[in-house]
Amino acid sequence: MPNLAGADRLSAGPQGKRPRKVLSGRNIMVYGALTFAAIYYLLPLYVMVVTSLKGMPEIRMGNIFSPPMEITFEPWAKAWASACTGLNCDGLSRGFWNSVKIMVPSVIVSIAIASVNGYALANWKFKGAELFFTILIIGAFIPYQVMIYPIVIVLRELGLYGTIYGLILVHSIFGMPILTLLFRNYFVSLPEELFKAARIDGAGFWQIYFRIMLPMSLPIFVVAMILQVTGIWNDFLFGVVFTRPETYPMTVQLNNIVNSVQGVKEYNVNMAATLLTGAIPLIVYFVSGRLFVRGIAAGAVKG
Amino acid sequence: MTLPISISAAQGAQVKRPSRYLRNLNSKIASIPMVLTAVVVFLGGTIWTILYSFTNSRLLPRLSFVGIDQYERLWSTARWMVSIQNLATYGILSLIFSLTIGFLLAALMDQKIRFENTFRTIFLYPFALSFIVTGLVWQWILNPEFGVQAVVRSMGWTSFAFDPLYDSDIVIYGILIAALWQGTGLVMCLMLAGLRGIDEDIWKASRVDGIPMWRTYIFIVIPMMRPVFVTTLVIIASGIVRIYDLVVAQTSGGPGIASDVPAKYVYDYMFFAQNLGQGFAASTMMLLTVAIIVVPWAYLEFGGRKRG
Amino acid sequence: AQATDLEVTHWWTSGGEAAAVGEFAKAFNATGNKWVDGAIAGSGGTARPIMISRITGGDPMGATQFNHGRQAEELVQEGLMRDFTDLAQQQKWAEIVKPTSLLKSCTFEGKIYCVPINIHSWQWLWLSNEAFTKVGVAVPKNWDEFVAAAPALQKAGLVPLAIGGQPWQVNNLFSVLVISIGGKDLYQKVYADKDAAVAGGPEIAKIFKAADDARRMSKGSNVQDWNQATNMVITGKAGGQIMGDWAQGEFQLAGKKAGVDYSCLPGLGLNEVLTTGGDAIYFPLLEDEAKSKAQEVLASTLLDPKTQVAFNLKKGSLPVRGDVDLEAANDCMRKGLDILAKGNVTTSTDQLISQDTQKQLEDLMAQFFASPSMTPEAAQKRFAEVIASAD
Amino acid sequence: MHNTVPLRSQYSVSIRELSLSFGAVKVLENLNIDIHDGEFLVLLGSSGCGKSTLLNCIAGLLEPTEGQIFIKDKNVTWEEPKDRGIGMVFQSYALYPQMTVEKNLSFGLRVAGVPKDEIDRRLTRAAGILQIEPLMKRKPAELSGGQRQRVAIGRALVRDVDVFLFDEPLSNLDAKLRSELRVEIKRLHQSLKNTMIYVTHDQIEALTLADRIAIMKSGVIQQLDDPVTIYNRPKNRFVAGFIGSPSMNFMQGVLAEEGGRFLFQTNGVSFSLEGYQASETLMPGRAVILGARPEHIKVDGDIVGGEVHEAIVDIEEPMGADNLLWLKHAGHTMSVRIGGARRYAPGSKVRLAFDMTMASLFDATTEERI
Amino acid sequence: MHNTVPLRSQYSVSIRELSLSFGAVKVLENLNIDIHDGEFLVLLGSSGCGKSTLLNCIAGLLEPTEGQIFIKDKNVTWEEPKDRGIGMVFQSYALYPQMTVEKNLSFGLRVAGVPKDEIDRRLTRAAGILQIEPLMKRKPAELSGGQRQRVAIGRALVRDVDVFLFDEPLSNLDAKLRSELRVEIKRLHQSLKNTMIYVTHDQIEALTLADRIAIMKSGVIQQLDDPVTIYNRPKNRFVAGFIGSPSMNFMQGVLAEEGGRFLFQTNGVSFSLEGYQASETLMPGRAVILGARPEHIKVDGDIVGGEVHEAIVDIEEPMGADNLLWLKHAGHTMSVRIGGARRYAPGSKVRLAFDMTMASLFDATTEERI
């Protein structure tokens, strides 16, 4: 059986894995391009951090890219605790807790509503549901500014204007289109037979939702949470229109601090304030970026 | 086949088809928030906006109709035309660049590279930041006195000029740079998800056929990713139409009105100029644009397919 | 009275402004109530929509700032604002508020709806003595000298005329040129009578020439906010700035002395006529009894002579009552007071034209100043069109 | 006729004039089926013919456009699935991934509020029948395909239902497991004696499991009979071609008569129809299709008598136990099944004879059996 | 020995000591295969055994960890796929969805810069062979499963390759189409006479198509032989059980000798092994496994002689042409294949006899054939 030719040929020519140079042209290109892009993406963050650690004299002297000669945390302290807007000189600190108080219920409520909507749309279609959904999706593209007046009227009629409930409602309304789309796509991608099996088992609308669908939906809930946390945290327009000064969220404080120029712009304080304001969403992204990508794949990209 | 007619006649008569409205009652109840939002806020708000665009409302909405006056004025306003042009330039470029860059990054990330997570996080983190923050940072970096221009000049190239935010002709590119920084990460994510969804066999087939990688991407993979591109396109496009915060944070529409965009025009005329009618007319035009983009897509996406 | 929190919204967030507001707060808190500061940064344009939304949305604040003029007109018409006629009569506002045009803009169908708190005039050219000394040119005495001195400044790497990027700055600068170079009549014809023929005529053409000069002189002032521009003058990076009297607050805060470190030329040193714009506090109609009471207390406090002095000194504006003594007033303020006393005043554009027209003019001016390729002739043609349709 | 008291009948499930459309697409058309108590009915048809749709209608997961459904003589057309006394086993098993086997089985009972000890009793019984006691604490992901299938059946079992519905429960499994579980389901039916309705597109499953088979095409039932009848006396050409693998051989031709004997003529060759039992009188000149299954054509040594023809071997497909010959004869290609040990080289000549007692004859236009 | 000029050989593809690991997981282990020119080799094995991995190695789509691959006597271990002279047909066909059939076929050629008229010539030929001329302007989405499959083959065909690789090309199709296309591939091979390597987990495909079958398990080849040998003389218990459906019947027992005759004893019953051709000398007392295929056990009327046992019918599975009986005998369940017309009721008694010439005997511990 084993032929001579084979035995002979064994010694001839290449064998096993093709040796690869670490510095192959392909690797240089791929990693080069990625690194270059990464620098572009990291540059602003670097500038923010570096600037926030410099004193004003150093900033005035010049180079925004040079590392601080003398690291000072003064700007951070000032941004957090003593930067002024009008007569209020307590920096971002108050806004932080306001933001938390606004964000937590808004995230919970908006996700709860959107997930139930998505579930109803995916599994319990009724006549006209698609129409409403389409309207909702188109709604996702309406510039918020356009909707301010109608929303003001709606809130006034509901008597919720200026309350945190009003703000939760607004966040739920504007989070609804994209979240509902995500949830719908996700629930559609779950095997329909599971849903049928549960119905035969006698489970109703809510039982199926809570006991079958919810436990299977972690990835999409993570995506929704990330989107809402960042979206609501970063919101400026609703935060400023629908709150009072004592409940201003952090972004409004940030805007106030940044735009309350006293003499020269205090870039270092501004950058520190910016970083402080962006900290929560940034942390959320750094911690759960991987889940985000997976969830996006499950909820957003179909076909 | 003999049919036991008695059964069908006797019992069939008894059992009535239940009302259509009561079936799946819970799902209907659960959908109330969505229906209300869709009908009252989005549809109602839109109709309300369109209706009042035919009035001469100033500070407060009033139903005193003036026909299409507001529209005539809108289209004869230089600033509106500038906004439209800016939106077109910005829109086309940002579509091209964010799709291209997003796709390129995704393609690079798809090369079975090391540190994929790190790179992905780096590309995605700006998405976590608000436009306000993005605008501030880039305003700072592009500031000719402190930013890139100053740095390059201080290195000896004193005639170097790069101050997009203070040059009417190129200010929109300054905004584009910041917008791409903020948004391409998400595009990359979507594209990456799309790439990962391509049948592995297609890649193998093209390798066996001896088709170079770049041609496979251009002629085979990209056409196959059409749905992903469409979804991404809609997401980007909606962002483009809505662009406001970034412009305000970076340039406030300046220099002059050189970086103005429709959303800012709407906002300014509704609130600064206290001419709601004009603002509503401009909004209506924006809504029209959105409808032209979104309705065909929504129809394809949700109208065609049915599932039981 | 019982201690009540009263939220007051305003857009006074620059250094001088904030210090001035502090005076109000201090005085109001002294009455046993509490001033809740609702500062919204980013100028009136950002703040007004928020204020209006809150009032129309049914969550009104205790009191809010608007400019003198027509900004709150419709809120009043809708009955959302509090009628202060009784209090005004009781405290004889009609007698103490000077000039009377100020109270007139608070009056709607015979009722008074706001409290004027200061007078701001726009027609000031602020000059950095330091800058001129540095390039060895005498500090100009009027606009023409200033234009003549510009090349010297430019050669020294200084910006002759600092202008911020906000559209309202250039728009008002233009109106200053109209009244200071063209005179009060021209101003009246354009802004009050909305005479399109005049707006398109040779006199305004001259103004546009001057604006063209200003445009050329402002090249290189890459700042956005007005007080950053002022800061350029304070630090000697720019020769001058055309800005309202509130710029004074910035100089003061920076410890600069009028006449020594900086000079001011009312009416650009040509036509010493000032417009009397300014701020007023409006009071939304509230349901809460206690708060309504506090509103009255605040209204009285605002007009109190002592508060007026303290506030206006810090703010750099002029008090609304003629019967207060501004001993502490500096050189520039005195010039203003003198002109006021002479009656060389006229109404401000805020009172004459609607916000809508104002905005269109802003857009035009912003474009004109930002694009050197736009000829004065082209700009004037559009100017005339806007004036023709103005209201 | 106007009797409102339901008559007792022997039927477990009855379907009356059932139609269902999705929008403009008619998926089911005017179906009538009666299923006996304890019967094992298989719905067989190619993909997309409406089998699952019919099953979902019976289960109450889809609403019919027209018609009625009776289970145990009760009109359940508008009942909720849970109130119909049915249990269903799905193709993908649809086990709740986050629950243990135990939880999976008891979910329906817990939802219905059945008392704890009753649940335990039923679980024990079902686990005993299906021999899944050791798996009770595992999650579905930790089970093999066959075990999952058993759990899925168990879920119907614990609910003590009258009718079991199966939607292609074996099609996700590999061939080996499929044939093992087929036997298991058959055994289960023999011991439980429930009514079972089983959807498949695999004819071997249908033939081995069914008491009766309903063959569907585009939402219409073509034939509803026991497997032997369906295999040997298909009602029309579709059924004949659908059942049997390799497929029945068909030849287009005309009827002729010669001395009282009927002949089938095609491409100049004629076959005697002696032994064929026609259901109607044959008419010479009628265009017909003759069908013969591969195992009903005998070659060489197997020929026991009758008319003998000669053919050429085109291709041979050895399948282990059998050997499939593809023969060319009179312009037709036909497959013939012979023992696995007998081999022919392509091109060689064989003699062949038709077993006309087992053949089928169809009208060429209506394609109905003659 | 150190000859660098490759010797001419009759082999088209040779694999030498091929191993492949994904990280710590060894997927292929030390494979050696030589494939003749024009041979049709089928790689058969259950899911996950490494068939596709091996095929991808041959195609150059995966790099082996160890070993060499020769195609047409050329060491191609490090060559790019396109330079290996191979064409590949994938399970999902991997047609480029947005290109017409024509473009699909010609894309590789155009990229390679083949002149226009040469492309046309090759397209015409391939289209002629595969009879897809009318489809040239359509897109893949507008083709049926069978047509797609042909286009996928066409893509390999136009490239004028020496070796065709197929990765389960039929497994996405329904049973009917599958059996049709099987015949077509066989015909194609007969006319093209290319070397073909075909991966499947369907034994019918393997048996019908292959010149030789390589049966794989966990990355190791268990037996590489022609189909008849594999079916009738499986090398070990795994192969025996894997090939044949229904599966071979196995009984555990011991060897005994009685008067020079060897016996197989299990559960107190003994079977004479007369007729069995052992490959080694039998030793009494050795623990062995007896295997007999269902068609090699005769019942009642079919018995032609030899030892006769009695058994009980457990279940009957009619499959149309055949009928499968599950019998209980001596504590074993065994399946027996009989003609489709003969039926037995469960519980009835049958007589059975083994055809020992066709049986297999395996060592109980090594499971190798004795």
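The chains carry the letters A, B, C, D and E, assigned in the order they are written, with residues numbered from 1 in each.
Rule of thumb we're sticking to: a residue touches a chain if its C-beta (ideal position, glycine included) is under 8 Å from a C-beta of that chain, and two chains touch if they have at least 3 such contacts.
Quick caveat, the model's predicted, so the values are computed rather than measured.
J.: Given the contact rule stated at the top, which pair of chains has the most C-beta pairs in contact?
T.: Per chain pair, the contact count peaks at A-B.
J.: Based on the averaged CA atom positions, which chain is farthest from subunit E?
T.: C
J.: Among all other chains, pick the one whose mean CA position is farthest from the mean CA position of subunit D.
T.: C
J.: Roughly how far is subunit A from subunit B, centre to centre by C-alpha average, rounded to an integer in Å?
T.: 16
J.: Find the geometric centre of each of subunit B and subunit E from their Cα atoms only, then give the gap between the two centres in Å, rounded to an integer.
T.: 54
J.: Taking each chain's centre as its mean C-alpha position, how far apart are subunit B and subunit C in Å?
T.: Computed value for the inter-centroid distance: 39 Å.
J.: Mark out which residues of subunit D touch at least two other chains, giving numbers and ranges.
T.: Those would be 56.
J.: Show the residues in subunit B shared as contacts by 2 or more other chains, in ascending order.
T.: Those would be 23, 267, 270.
J.: What are the residue numbers in subunit C that touch two or more other chains?
T.: 49, 56
J.: Show me the residue ranges of subunit A that touch subunit C in the complex, using the header's touch definition.
T.: Contact set of subunit A toward subunit C: 84-88, 148, 152, 155-156, 159, 161-163, 240-242, 244-246, 255-265.
J.: Under the definition above, what is the set of subunit E residues touching subunit D in their complex?
T.: Against subunit D, subunit E makes touches at 46-47, 174-176, 179, 182-183, 186-187, 190, 201-204, 207-208, 227-228, 231, 242-247, 293-295, 315, 317-321, 324, 326, 337, 340, 343, 346.
J.: Of all residues in subunit C, which touch subunit B in the complex?
T.: 45, 48-49, 52, 56, 71-75, 77-78, 165-167, 222, 224, 354-356, 358-360, 363-364, 366-371, 382
J.: Under the touch definition given earlier, write down the residues of subunit B that touch subunit E in their complex.
T.: That would be residues 199, 201-202, 204-212, 215, 219-220, 223-224 of subunit B.
J.: Can you list the residues on subunit E that touch subunit B in the complex?
T.: Touching subunit B from subunit E are residues 56, 59-61, 80-83, 86-88, 90-99, 107-108, 111-112, 155, 159.
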